[in-house]
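Chain naming follows the written order as A, B and C, and within any one chain the residues start at number 1.
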Amino acid sequence: MKRDATIAAALFALIALLPLAGEAYWMRLGTIVLMYGVLAMSWNFIGGMAGYPSFAVAAFFGLGAYTGAVAQKLGLPMGLAWAGAGLMALAFAVLLGLALLRLRGHYFAIASLVVAEVLRELVNAATGLTGGGMGLNLPIPTMASVDAQARFFFYAMFGLAALTFAATLATTYSKLGFGLRCIRQNESAADMLGVDTTFYKVSGFALSGVFVGMAGAVYASWVYYIEPPDVFDVLFSVKAIVMVLLGGAGSVFGPLIGAALFLGLEELVWRNYLEVHTGVLGLMIVVLVLFLPKGLLSLSQRFGHWRPMG
Amino acid sequence: MLTLQILANGLVLGGLYACIASGFSLVWGVLNVINILHGSFIVLGGYLAYFAYVTAGVHPFLSILIAIPAFFVLGYALQRLMINRIIAAPVLLTLTLTFGLDLMLSNGMILAFTADFKKLVLDPPLGTIAFGAVVLPIDRLAAMLLALALTGMLYLILSRSRIGRAIVAVRMDREAAALMGVDVKRIYAATFGLGAMMAGASGPLLVMIFPISPLGGPAYLGKAFVICVLGGLGSVPGAMIGGLVLGVVESFGSLWFGPEHAITLSFSLLILMLLFRPHGLLGRKGYE
Amino acid sequence: MSALLELEGVTRRFGGLRALSNVTLSVPRGEVVGLIGPNGAGKTTLVNVITGVHPASAGTVRFAGEDITRRRPYQAARRGIARTFQIVQPFSGMTVLENVAAAAMFAGGIAYGDAANDEAMQHLRFVGLGEVAHQSAASLTLAMRKRLEFAKGLAMRPKLLLLDEVNAGLNLNEVEAALELIRAIAARGVTVLIIEHLMKVVLSLCSRIVVLHHGELIAAGAPQAIIEDPRVIEAYLGRRYSKAQAGADG
């Protein structure tokens, strides 16, 4: 753990220096990379460590975005709004986890995917509170300059990413992380060995929600206009998963590295092939799953327990 | 009587739904793969029928006959070349793979067909037919009957043909089937082909009734999910029952809550089923 | 001195099938009790009910005086009930050491980290797997996996150890070694309930035997009495043999 922490400290120190590069483009890209880093690291708690194929990231992100946005509209300062969004996402994750984590495999995956859709529809319908399909305008941040604003949000995401990473580190090298790994290997055996599987799974799920919720809220403040389909987009879930697959599931640095790599590739495609953007994204996913399912970081590490069919 | 009309509407819709779900259910039940492409196959079939009609006057019912072999081959090839490579992998990988493939397909369709909604309007229109107090549009009724015919055909294939029996055997016990000399890889490919075939063949039916767009796949996919959970996995009768139930629920739901909430309604139903009866109304055990 | 494990009227139904019918038995503290019966008698189901994998449809299970009928498996584990499995499945993605450390941590209550690792090493050495501690559990042979099961069971610091067909698939030498291990475990004061087919094992280890047949307890008592019990003979060999035996004796 000490070694990982030292490497991380150096890595994060380097990232913190990015704004010095000056260009707004790099800061914007950096902010997005950090945001997806949070998403990927968060998914890793439930998907990588515990082995539950969750597609709920989009649900937590959207929920956090709207909670933060509504809070700000009601007058709360950004910091509090973000914290509130985190708490909301945490509470929701616990309740949802208690309901859904009884399901396994496909059923769990689909249920978690559907939750985002249902939330989106509910937010759409609650026009009084959320503006519904017409979207929600947040108070525009008033900062010294455009640059200062960009830097502010960069460091906000940076702080969140650092926090998420710290949580990843702490969990990986603790009884919780060990328990989640046992659950992924063989849940009923883990139960027999004394692991309170419900408690551990819900904890993992809660961790997968709280930081994503905050990221959603920060995102909302950053772009200061959100619509349900933007923030409840299933692509958030899928990209988080793909990033972790790319970097190596269950590992400490994998999600972050996967996020950086994936977004780097995506930026190249965006700039050059706008029309086929989603198609190329799909192609990337296909190639990754077929040829590198175990990720780049841990090519030799076994990706969980491959159950044969039937 | 209004209730009877709504019920009839629901049943007609349900017949169509049964068709689109049966192929999906088969693939999920036998290969343990959730084919995210299924919805887009339906849309693709619909587009092909639309353009065949609009440019060459090919009647959609005829397009179905073309779609059947075309989509079977497409599905077979796709499974054999790509999906089979990760067939034993965790749920996550197969889901993500078909998701990626779906992104490619829908992007392709946007480029080829533009993102506009298209609906096939028959010229001359077929009109309506009345059964007592219940009035049904003939095109919907015909579509439902054809959908039922397709579903029935799938059922016959599974219960009477050699390959169908092999598929059922693999579903029950893959290892035992292999020991009996069944080429499991070929069966997987054939099953996926059948699933694609059912999807592609229902496209022409659906495009006559609902407008379609390249991004409409997920909506049909969502319905297929719900139907599978309602009716249980891997069985045609299950898809039938699930389809009819969903059709009726949506019909009455539209009346009570408004049509824009149809999706929320069916998804809420899905979640309730998953929480309380994940093996379907028939109580049949599917794969996890 | 009350028994460590007491079952009273335990019944377990699966749909229409009665896997266990009104089973009443007790396992005294510190003894090695054998559970035998023909295939399908319900022996593994009994263990599943005791550990909470399947809830009992009726009856009570009492452990150290406490009613644990409604308890879930992890709770049984933490209270001191450990079990091994017929079909051995270690955490194949983890090392041998990690497998045992998991048992020590979650059931045995040892702290995460060095404490659990040290405890695990101790148990691994006790069963003779000290050398392979850092190998992947998937790389072990069957006999070694069975010993790993023992190590895990011990790391759980159990008061009661339920052994389910630990000798299946082992050759004669390996069975002997397993016997020695079980004796050593019992000598440490662990109460053992062993499901076993091999009569030689049962007779040499157990001070008491209970016999299950079609989910019912048909006999219980000292080993010698059991093997001569006509109901037991009938259960294993059928009525005609039992009658013939009685005829030959009488």
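The definition used in the following text is that contacts are C-beta pairs under 8 Å (C-beta built on N, C-alpha and C of every residue); 3 or more make two chains touch, one makes a residue touch a chain.
Predicted, not measured: the structure shown is a model, and the values here were computed from it.
Find the chain most remote from chain C, comparing centres computed as mean CA coordinates.
Between chain C and every other chain, the largest centroid distance is to B.
If you tally contacting C-beta pairs for every chain pair, which pair wins?
Counting C-beta pairs in contact for each chain pair, the top pair is A-B.
State, to the nearest whole Å, the distance from the C-alpha centre of chain B to the C-alpha centre of chain C.
Computed from C-alpha means, the inter-chain centre distance equals 49 Å.
Chain A to chain C: how many Å between their CA centres?
The separation of the two C-alpha centroids amounts to 44 Å.
From the C-alpha centre of chain A to that of chain B, how far is it in Å?
32
Got the chain A residues that touch at least 2 other chains?
Answer for chain A, listing residues that touch two or more other chains: 304-305.
Taking the touch rule as given, give the residues of chain A at its contact with chain C in the complex, in rising order.
174-175, 178-179, 181-182, 184-186, 188-197, 302, 304-305
Report the residues of chain B in contact with chain A in the complex, numbered from low to high.
My answer: residues 28, 31-32, 34, 82, 85-93, 95-97, 99-108, 111, 173-175, 222, 225, 229, 261, 263-264, 267-268, 270-271, 274-275, 278, 287-288.
For chain A, which residues count as touching chain B in their complex?
On the chain A side, the touching residues are 47, 51, 53, 99-100, 102-107, 109-111, 114-115, 117-118, 121-122, 125, 238, 241-242, 245, 275-279, 281-286, 288-290, 293, 303-310.
Spell out the residues on chain C that touch chain A in their complex, using ranges where they run on.
Per the touch definition, chain C meets chain A at residues 51, 53, 72-74, 77-78, 83, 85, 89, 91-94, 98, 101-103, 105-108, 112, 152, 156.
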